[in-house]
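Structures for review follow.
In what comes next, chain A is part of two complexes: it sits with chain B in the first one and with chain C in the second one.
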Partner chain A sequence: MSEQADAVDLVDLLSVEGEDLAAAWVREVSGSLGRRVSAAELERELRELYEALVEALRQDAVDVHSEQMSEVRALLTELSRSRARKGFSPTETAISVFALKRVLEPVLRKGSSESVHAYLQLSRLLDELGLFTIETYTQTRDALITAQAEQLLELSTPVVRLWDGVIAVPLVGTLDSARTQVVMEKLLQALVDTGSEQAIIDITGVPAVDTQVAQHLLKTIVAARLMGAECTVSGISPQIAQTIVALGIEFEGIATKASLADALKLALRRSGVDLVAHRDGLR
Partner chain B sequence: MHPVERNGDVVHIRQAIRALAQEGGLSLVDQTKMITAASELARNTLIYGGGGVVRAGAVAKDDRRGVGAVFEDSGPGIADVAQAMTDGWTSGTGMGLGLSGSRRLVDEFDLRTTPGEGTTVTIIKWAR
Partner chain C sequence: MSERIPILRIGENLVVSVQFDLEDQTVLNLQEDLADQIVAHSARGVVIDISALEIVDSFVGRMLATVASISRVLDARTVVVGMRPAVAITLVELGLSLGGVSTALDLEKGLAKLRASSDAAQR
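Moving on, here comes the complex of A and B:
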């Protein structure tokens, strides 16, 4: 049996009832997706896919990777991405493909050995297409998650201007290497952008400082110094202080203060600002 | 059992150790020390051991309770343990304080390594 003959069978399978099959497919899928995809959109997606599939089979496509399948793959990629972005599950996404198998089931009842054979062939192809859909869906989700993580990284590391010439970065949460790197780059950039000569790195919200984080901190402080700026590290909790000492990390020559307020006072003094306390408060 | 295959895994391990240390009644200082030691050793497993696994849990001996963790890899092993345990010695670009520093941070520290076969480090911090 040549592949040519198979391909013709497959086209027959999809074309006998022509339009009706595509419509049945749309009905089958819309039942499982509810209203989150508009009826018109689903109709368009699946009809395009249907026509591309028939065309690919007419051109003797043998599997999902066939050259003739490129249009089908492109449409499926678009569909998977759109489902992933709208928050559909992998099942809800792949069902769009697998539903066509269910729609074609009635041909089995006719029972001719050719139609059963054709059904099994097409069914295998649809399995491949379904898996391709899940694959693309997963890639899109991974990309979305990575993008969100990066956004979060940006969001969670604000550099604030506390005073003319004094900037601060309050670090909150677990510092992994990637985050520390981002914070430090932002800090150095902010020194340039604001023309500040004093920077405060506040670690009040950091639960632990290991050697990697300490190394990033120290490198940033040295880099800032080269740029003519001085850094103060504030908010070192007693438990972090003890841990740093036990680890053997030396913070010698680096200004440290217990609180952000103390660090600000130091930074202001260093930049020549006099803070005068009025005994009776401000009037 | 926690896999150590990427940077994010080190963060997960720190969180798991934190939860265990809190449940185990460790003081805030001891929690921080245990978490930091785990962070160092997990990163070594990742960077030098080429990845591996971490097992962590509550431990008890006589009437003492605590938290223990085992860091295991099947990487290159450590040829000269005394050198690796020296403050400031690194074969890479680190501070060279991970192994020696973690030993000071915990109560029990056991390092077993066979060149060509891998490295296993076990640590325990007892509740006081």
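Moving on, here comes the complex of A and C:
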């Protein structure tokens, strides 16, 4: 049996009951997806895919990566991308393709041994298409994650001016090398831009400090000192204080404070500002 | 003959402004000239402005520390001013923390620092 004959068989198998099969496919998939995709949208997606697949098979497509399949691939890519963006699981995405196999089973029961052969062929093709779908899904997810990580990096490091000549960086979340690098650069640039001689690094929002994080902090502080600014580390929680001592990290010559308020007070005193409290409140 | 960096006198302080990236010979010349000038003017302070420097290698980093030590021997304080963030990060990565060298954000703050320390010494 030549390959061309195979392809024709596949077309026969798919178009034997024409419209009926596509409709069954849509029913099968919408059952598994619930109501998160509108019925009309699903119907449109799967019908387009079905038609493209039949057309490709009519043109003797035997391999997913062949040229005749380009239309099918484009549709599948679009489908799995939209699924990935909407937060569907890989299974829910792949089921769209694999459901077609299940739809074909009843047809097969009535068929001859030749249609069994054709079914196996088609099944192999559908497996490949399923794999292709998953691959696209993963790529889209990866791209999403990368984009989000970048956004997080930009968002997570504001430098705020607390007073004339005093700036602060409130750090929130886990510190890694990439983030510390961004923090370091932003802090140092802010020192130049604002002409501040006092900087406060507040680590209230940092859940854990290990030797690497401490190393990064120390580097930032030394770099700030090289530029002529003093750094204070504040917001050290009791647990973190214990960890720091247990790890044997030494913040020698670096002012550390428990709270941001204390650090601000120290920074103001260092820059020659006196805070005066009036006994009778507002005056 | 390589370039020499001018050394300016303001009151009892000397000001060195480095305007271009340094070659090793220029660095050595500067070191020599500074020592001569400190003695000649009996200067009490030296300000080295490196705000125009974009590239600093370990040699220049060590020079800054050496100049500070030399002037300390001659009873003058050294303040390095205007270091760029990128330069500061490079020096830290090179493991040079310039211990014993005072720093300030710009020339004005550097001179103020020298004034404050000489006021404290006179009291």
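Observations
Note that the second predicted complex is superposed on the first by the 198 of 283 C-alpha atoms of A that agree within 3 Å, B and C clash if a C-alpha of one lies under 4 Å from a C-alpha of the other, contacts with A are read in each partner's own complex, and residues count from 1 in each chain.
Here, contacts are C-beta pairs under 8 Å (C-beta built on N, C-alpha and C of every residue); 3 or more make two chains touch, one makes a residue touch a chain.
None of the values given here were measured: they were computed from a predicted structure.
Of the two partner chains placed by superposition, only chain C is touched by A:225; chain B is not. Contacts of A:184 after superposition: chain C is touched, whereas chain B is not reached.
Contacts of A:243 after superposition: chain B is touched, whereas chain C is not reached. Of the two partner chains placed by superposition, A:272 touches none, neither chain B nor chain C. In the superposed model, A:207 makes contact with chain B only, not with chain C. Shared interface residues of chain A (contacting chain B in one complex, chain C in the other): none.
Residue ranges on chain C touching chain A, taken from their complex, read 80-81, 83-85, 87-89, 91-93, 97-98, 102-106, 109-110. Against chain A, in their complex, chain B makes its touches with residues 7-8, 10-11, 14-15, 18, 28-29, 31-33, 35-36, 39-40, 43, 87-88, 94-95, 97-98, 100-102, 104-105. Of all residues in chain A, only 174, 176-178, 207-212, 214-215, 238-240, 242-243, 246-249 touch chain B in the complex they form. Put simply, chain A touches chain C in their complex at residues 184-185, 188-189, 191-192, 195-197, 219, 222-229.
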